[in-house]
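The data blocks that follow each hold one structure.
In the two complexes below, chain A is the common chain; its partner is chain B in one and chain C in the other.
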Partner chain A sequence: MALDRAESLVSALVTGRDLGLQSCALCRLTVRASAASARCPRCGARLHVRKPHSIATTASLVISAALLYLPANLLPVMHTHQLFFDEDDTIMSGVMTLASSGSWPLAVLVFFASIVVPMLKLVLLGEILYAVHRGRVRHARQRSRLFRIVEFVGRWSMLDVFALSLLTTLVQVAPLAEIEPRPGALAFAAVVVLTMLAAQSFDERLLWDSAAHG
Partner chain B sequence: MAETPPLDEVPRAIPDEPRRIRIPYVWILPILVVAAGIFVAIQQKLAQGTTIEISFRTADDLEPNKTTIRYKNVEIGEVAHIRVSPDRKSVVVEAHIKRSASDYLVADTRFWVVRPRVSAGNISGLGTLVSGAYIGVDVGHSAVAQRRFVGLEVPPIVTAGEPGREFVLHAEDIGSLNIGSVVLYRHIPAGQVVAYALDPGGKTVTIKVFINSPYDSFVTAKTRFWQASGIDMAVDSAGVHLRTESLASIIEGGIAFRPFGEIPAEESPADTAFRLFGDEERAQREPNTLARRFVMYFQGSLRGLSPGAPVTLRGIDIGEVKKVSIEYDSQAGELRFPVEVDLFTQRIHGHRSPPAPAEENDRTLIDSMVAHGMRAEIKSGNLLTGAKYVSVEVHKGAMREQVGWDAQPPVFPTAPGAFDEIQDSLGDIAKKLDRVPYDQLSARLLTTLTQLEALLKRTDAVMQRVNDEIAPQVQATLAQARGAMQTAREALAPDAPLQSDLGATLLELSRAAKSVQALADYLERHPEALIRGKPKDAP
Partner chain C sequence: MSALIICHACDLVHRLDAVSGPARIRCARCRAEILRTTEASIDTPIAWAMSALVLFIIANAYPLVAMKVSGFTRLTTLLGAALGLYDQGYESVAGLVFFTTFLVPLAQLGVLLWVLIAIKLGQPRAEPIASLRLLEPLRPWGMVEVFLLGALVALTRLSTLATIVPGIGLIAYGSFMLMLSSLVTTTPREQLWRWIAQSRS
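== the complex of A and B ==
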């Protein structure tokens, strides 16, 4: 019931666009724009009602990230060389190692931040994009909130990359122990960066537009 | 709440030329990702190369994704998986071989696990103590590609492409040889035993040896191979022989070879078959191509005469004892002991004899020699070991005998050996000793002894008297003598009265003598004083 009311509330709201107002993407100045193509009178930036090609850009980034998600999780991210043995670790095996060595909280954090969150982000973004593209958005508020939560947790995804870069530089005791990054780390970092970019390139207002129109 | 400014006061945007339609460059990104993915996948596939399967008996020291495969210590692949074969008899090691090395995978390529190995002859693979084992490869020459291999349990002795040649040796037994046993040429390690196998039928052994270059060029038709395993100690009629090759061959066994004969011979091609002799001496012997078998019947004991004992002529070997057996002649009812010997009659050169076919020549030669008193006899070669040999000697004045050519093998006449002669003479001595009249001798000896005893008793009585009667008197006399001696000593002592009196007397006497001298002098100068007396001194 509450959801329905919220939906109807959204569709009932009057937006700046309805009044012929626009916001400069750069300096946030609210301007009146009558022409289709115009510039901000204060900073001179090009004005757009919505981020241009937002869906296309986001979609391409999401697809790229989704493609990279596979090697990021399947390929080893880290190579450990110790005196008598060599080991390749994927993200999942790293989580396992952490869990088996007793660091449960850390294992859970890494598991969520590095495996669940990127996946959630991709699924959510993809789903929202699809909905916006189709012009039918349901539960826009919940989606928006979930999206922000995921976005917030997602920054922890870089934890793995950060830890790996630290280890690589610190553990270089040549004959005894060496840690080297492996291609998986590159793919993983790319996934994180691409999903962040995708989230940024997505114009959230499109969500409300569709909700309003739907 | 502040008053909302009218919309008119909101600044107006500056109209601008619309931008041309933008190509969505952003779609390049997923394409790039897919392209990169495909590129990486292809590269991986290429790097992975060929997958092969090698079966080993165990997976000792092998680890997936860690154990490498190396050719000449260059990594050419890695073990990917290890699993037990379906029949559970071996393990199957799945390995990825790099593309660059995929043409190494031919039918006769060999794989083995390199791990530390210590044997008497050498120590290998010590590096793997630290680095872990790896799979070594020896690339074959075959052109047939293969993907499934059976790994060797022991590293191959000779890797393909090593300069040298392989030869085949036939032996009666393997001795202490093993794969890897050293082959020595004049005590220089020149090769190794590569393989051995029991021949079908199980009576002989075929041994394959690899002789490294340049020693392989010394393997000629004249070359003899012999077992140089361990310490070769022979105790025979010629004494004790002790022969050894290198220390490694003592422990691990080995083969030695050397060409015999002075004439240089052609190099033997690879895989030529040779005979492996039991020891150097046997290898050195001339090939006794024409051996004639004879049988000899000896009279005395055959103890110490064993097959292999030499038959000599004036100390030169002309044959070998082959068999000593027992035969029972049921008609005559007696035991006979045939000694079968091989005589190398060709060693005896006929002088002043017409050339004839070898067979005929031998026969006439032996007949002639036997006619001149040639007989075989058993001689003791070594008193310490009791080993005996057969000596063929000319006995002048021996009974006329002939070679029994009719028998098969022909019977060679014998003479009683020196030992038999000694036995005979010993028997003679015994007989003579037998004839000695021991009874009479002993009776006479008894009477003599009785007399001797009586004599001794008498002597004893005399001694008794001496003891009882004469001894005390002697003692008394001795005491008196001692008293006399004492008196004499006292008289002669420096402080004795006699001594001092004598001194005084002598002094007086000397004075008197002086006076007499003075008188005499005076009288000489004044003889008249005798008559007139001494004139008074003038005042």
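== the complex of A and C ==
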């Protein structure tokens, strides 16, 4: 829309840090970067030139989530008890059940939201952290685009948790059928929460601070 | 008059002429949205917020869905879905469901309504503004639309073994989602804080 009005100083690549200015993390007011523990004059939020301890926090969250990714996918998340059979479901077998009941679009959706997205998120965050740690980030633009997609899509992984909450609440018609949660659900929910926190604690500007070229 | 705007995502400095009317401006280097303004007056988001509040109350007062299977009928409400996990000993997952589908959406709505009305009435005091500050990091944790898709997945899985009847609660919750997202799009961050700064000066 009004894109043309944003006259950037791209050719010179002037950053806020160069000018001693920063964008308030909360209300995005341009403020003078000053001593620690300063507060934004408009919204009163604490000001930081970069999010404090971003790399260490993100790295520990990514590692914890990666460890939990295995039990989240290998352990059963729910147990179905019906008159003549008992069944444990993992995340993946839930996808298969959806597919075999003919709801292909939903099955594909859940497969992406619950299995592919958390894995992509872990790989991408790990890889970005490694590149920033080495101090040389190639393809910063593509990486930041990927990071944003993954950050945006991440919350959709919760849909399996919500489906489980409805299934376990509704299907309590003993002796006909009962559905109960199983420990895999704990690990799975933890993976989603930890990866969301990891994306939130990562400061995207670090990607650009050590970009190999523009 | 021109102003310097710094991209929150890559720290690049932009010089920007005064923006009038609705605009959406992206960072020239990393394409992050650095400024969005709307033409809507403050009455528009207040109207969205009020209708969202009514729908949220209806969504919680009526059952989301009913399941019928050989003579048995089971109903659940929104809070009932979190409670079901709690009763089975999964308190932390139940808490997460309660937090993301009830607490955060309600807080988001309540705080925005409080702040907007305070601006409308003149001098907003410190409390609504402090609560708006607390709300900001919670933004990604409101998951109304994700819950609705999760409900679709659950009901599809059940439809092979039972009859599923969607309730008034589900329809109200779906409409609540639409109202809440209209509220969020009519209160862009920059504009909200500008309204606050204007009404304080």
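Heads up, the rule we're going with is that the second predicted complex is superposed on the first by the 179 of 214 C-alpha atoms of A that agree within 3 Å, B and C clash if a C-alpha of one lies under 4 Å from a C-alpha of the other, contacts with A are read in each partner's own complex, and residues count from 1 in each chain.
The rule we apply is simple: a residue touches a chain if its C-beta (ideal position, glycine included) is under 8 Å from a C-beta of that chain, and two chains touch if they have at least 3 such contacts.
Please read all numbers here as calculations on a predicted model, not as lab measurements.
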With the two complexes superposed on chain A, say which partner A:Ser165 touches: chain B (first), chain C (second), both, or neither. second
Which superposed partner A:Leu29 touches (first chain B, second chain C, both, neither): both
When the two structures are overlaid on chain A, which partner does A:Phe84 contact: first (chain B), second (chain C), both, or neither? first
Touched partner set for A:Val132, first chain B, second chain C, both or neither: neither
Please name the chain, chain B or chain C, that touches the greater number of residues in chain A. C
Which holds for A:Leu21: it touches chain B only (first), chain C only (second), both, or neither? both
Have a look at where A:Ile115 lands relative to chain B and chain C in the superposition and call it first, second, both or neither. neither
Just to be sure I read the superposition right, which of the two partners does A:Ile55 touch: chain B = first, chain C = second, or both, or neither? neither
Partner chain in contact with A:Met196 - chain B first, chain C second, else both or neither: second
Just checking: does A:Arg42 make contact with chain B only, chain C only, both, or neither of them? Give me first, second, both or neither. both
Which chain A residues come up in both lists, the one for chain B and the one for chain C? 19, 21-22, 29-30, 42, 44
Note which residues of chain A are touching chain C in the complex, please. 1-3, 5-10, 13-19, 21-23, 25-30, 42-45, 82, 94, 97-98, 101, 103, 106, 109-110, 140-141, 144-145, 148, 151, 154-156, 158-173, 176-177, 180-181, 185-186, 189, 193, 196, 200, 204-205, 207-209, 214
Chain C residues touching chain A - in the complex, by the definition given at the top: 3-17, 19, 22-32, 34-35, 64-65, 67, 69-70, 72, 74, 76, 80-85, 88, 90, 92-94, 96-97, 100-101, 129-130, 132-133, 136-137, 140-141, 143, 146-147, 149-162, 189-190, 193, 196-197
Applying the document's contact rule, which stretches of chain B touch chain A when the two form their complex? 7, 10-19, 22, 24, 26-27, 29-30, 32-34, 37, 40, 65-66, 132
Given the complex with chain B, which residues does chain A contribute to the contact? 19-22, 29-42, 44, 46-47, 52-53, 56-57, 60-61, 63-64, 67-68, 71, 84-86, 88, 183, 194
